[in-house]
Amino acid sequence: MRAKRSERRGQEETDPKTVKELRIGVVDTMFARFDMGASARAELESCSGFGESFTVISRTVPGFKDLAVAAMNMIQKDGCSIVVALGMPGSAPIDKQCAHEASQGIMQAQLMTATPILEVFVHEDESDDPQVLAKVFDDRSRKHARKRVLDAVRPRPVEPSSGSGCSPGFR
Amino acid sequence: MRAKRSERRGQEETDPKTVKELRIGVVDTMFARFDMGASARAELESCSGFGESFTVISRTVPGFKDLAVAAMNMIQKDGCSIVVALGMPGSAPIDKQCAHEASQGIMQAQLMTATPILEVFVHEDESDDPQVLAKVFDDRSRKHARKRVLDAVRPRPVEPSSGSGCSPGFR
Amino acid sequence: MRAKRSERRGQEETDPKTVKELRIGVVDTMFARFDMGASARAELESCSGFGESFTVISRTVPGFKDLAVAAMNMIQKDGCSIVVALGMPGSAPIDKQCAHEASQGIMQAQLMTATPILEVFVHEDESDDPQVLAKVFDDRSRKHARKRVLDAVRPRPVEPSSGSGCSPGFR
Amino acid sequence: MRAKRSERRGQEETDPKTVKELRIGVVDTMFARFDMGASARAELESCSGFGESFTVISRTVPGFKDLAVAAMNMIQKDGCSIVVALGMPGSAPIDKQCAHEASQGIMQAQLMTATPILEVFVHEDESDDPQVLAKVFDDRSRKHARKRVLDAVRPRPVEPSSGSGCSPGFR
Amino acid sequence: MRAKRSERRGQEETDPKTVKELRIGVVDTMFARFDMGASARAELESCSGFGESFTVISRTVPGFKDLAVAAMNMIQKDGCSIVVALGMPGSAPIDKQCAHEASQGIMQAQLMTATPILEVFVHEDESDDPQVLAKVFDDRSRKHARKRVLDAVRPRPVEPSSGSGCSPGFR
């Protein structure tokens, strides 16, 4: 039987073998025309630390309105520290409203679990050209997945500002 | 008196007779012009495993804004592991706003119960032809109900990705 | 001092005098131009079982945005098993937005209490003719109130479907 | 140290000195062009019972999106039984969206505390004439504050309807 | 190990060294074109009491939809008493909808933590001139950060109104 998350966490600090337990979730949808999950997984597998400092858990749900509760369960039941939620809303007005509802659910799931869930939506009407669209799907899925790994595996230390007077400006 | 859900769950693993306890909820509305619940139930009854590995629980509520709390109660009080919520929003602007509110409620009910509730809405304005609309009602209710059974009864195992480098692309 | 709800519930099964404790809440607003609460109450009082199997609790709040928390309190503090919330949104755009916010609150209150709250809104712009509007007010308030009683007092038994193959279709 | 609210409540019934503990909160914003809080307070101070059966607690927050959490804290930390939240949304589209978000927050704060929070918003575009607008500010702030006192101090008894057959109609 | 927040709070009153523990959070986004966090931090560092009565904690998240859960974690895990959340929504319709969802999440995070989170959004379409926009970014980030310090470090005492009859009016 799997140990409770808090117990596993406690072990991480003392047992190198369980460092591997850091889990990144990837959840995508059956209804998307492009296999966004495969892109995200391929990218994550190419990140340094894959299989050592982190593993990837995947799920596929029917539509994008099923992403929020699935992501919540990947966090609460499967022990993911972070989830990438991938979907493809269509271009009809009703699709846009559904996407809004799905996004609100993903936002709420984040707050209820106090855990980041990255929504990566590619809207069907971003391009008419299937080849362009495929590239958008692949790029966005990969880019966000990688960013999440960096966030999760190498978190920026939270430190009080040093008062060094860094000058603000455009980056 | 019925045992608490956690107890029934515990029994499932050791007592074949209680495997039957996996419950799929179907909730529909009195106000829909088509008996969507009957389509969903007929489809579920034709799925392999019906009456053996799963049973179906039904409820009918007045309107689609009553679906969310009814689905929540089917999960929390009747022990359903998954619910299909069927409704037919009208075509007036106020109906569309109500449908949005109903959908937000269904999303929230999913997150509060950490359980999937599939919203299956057929919008009155999807077709002017009653025969076409009837077919949409029947098809959508059946298709989603079946998909839910497959999800619930034969869940895809959640496994760390194998790192086999599956190539992403359109499906 | 009043007993806790669960205790009263427990008594219902053994003590006929407490069957009377099933409470239906009616909450309306001061700002509505028509006394919707009176229509709802009159209808409930004409239902068989009134004063025997159920009683009616009433409250009036200032505006329709006060309905959600009032209904919640009628459930949690006054022991209502179901509440009918009656309001009359005006026709200006700001009124429509407020009605949307009020509806979202009523939806949320249902989920937080796991109890049905029926929103019965009559929109001021449903008719220009005060007589027609009065009839809409009266009809809708009565119809929904009655439906709620039937729901609460004579709940449809929740039974696994019999697998009898009822054929779906328009009703 | 202050006693817990339930304890203070318990004392109210036996100790006349603590009747004074009924607290009405008034929260307004720095960004409003009119001092709505002062109008509300002046009105409350002129109500019979001020300083005896109820007192008034005030806070000022930067903008109207800060009202919801401030009102929640006035209920949970300062022991208010009711709060009047006063704000002035501007006329640009982004202001209207922010007002919608602020209203949703106030609705949610009510439900999370099971306590009424009256939102009193005066929209900048209700009049072009500063004198008219000033009168709207003053009137609305006063009217709602007074209504709240009446609600809180002299609550209408919640009684089962008598079945007296009051006839419904326009008021 | 860090003491629980309530314990640290208790110490503040008796131990001058821990007064320093009052923490103000600043969270900004990688995707903003201007380093809003640097402006906010520079302003906070120039406030009297910096490093003595309060310190500043910073985090950067990918996009503005990640602000809500990050702010929640800065409150619940890092012990911030208040958070400034800085973002730059783009000008496309989808960006505006995402900003709405992000704002709703920030509102909800405030209510779930009962702690103020100040949303400071600069919309890309507020100006076409990069220099003007840069000034808006810098000014708004600084102004709101400073206001928050004043709020948090020198809270206005919550006192029952004195009934002194202050006359309301435009400010």
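The first chain written gets the first letter, and so on, giving A, B, C, D and E; residue counts start at 1 in each chain.
Rule of thumb we're sticking to: contacts are C-beta pairs under 8 Å (C-beta built on N, C-alpha and C of every residue); 3 or more make two chains touch, one makes a residue touch a chain.
Because the structure is predicted, anything quoted here is derived from the model rather than measured.
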- Query: Using direct touches as single steps, what is the fewest number of steps from chain A over to chain D?
  - Reply: 2
- Inter-chain centre distance, chain C versus chain E - centres from mean C-alpha coordinates, in Å: 42
- Whole-Å distance, chain A centre to chain B centre, using C-alpha means? 26
- On chain A, where are the residues touching two or more other chains? 104, 108
- Note on the structure: Ordered round the ring starting at chain D and going to chain E, the chains are D, E, A, B, C
- Seen from chain D, its contact residues with chain E in the complex are 23, 26, 33-36, 38-39, 41-42, 44-45, 50-51, 55-62, 65-66, 68-70, 72-74, 76, 78, 94, 97-98, 101-102, 104-105, 108-109, 112, 130, 134, 138, 141
- Of chain B, residues touching chain A in the complex: 100, 103-104, 107-108, 110-111, 114-119, 123, 144, 147, 151, 156, 158-161, 163, 165-171
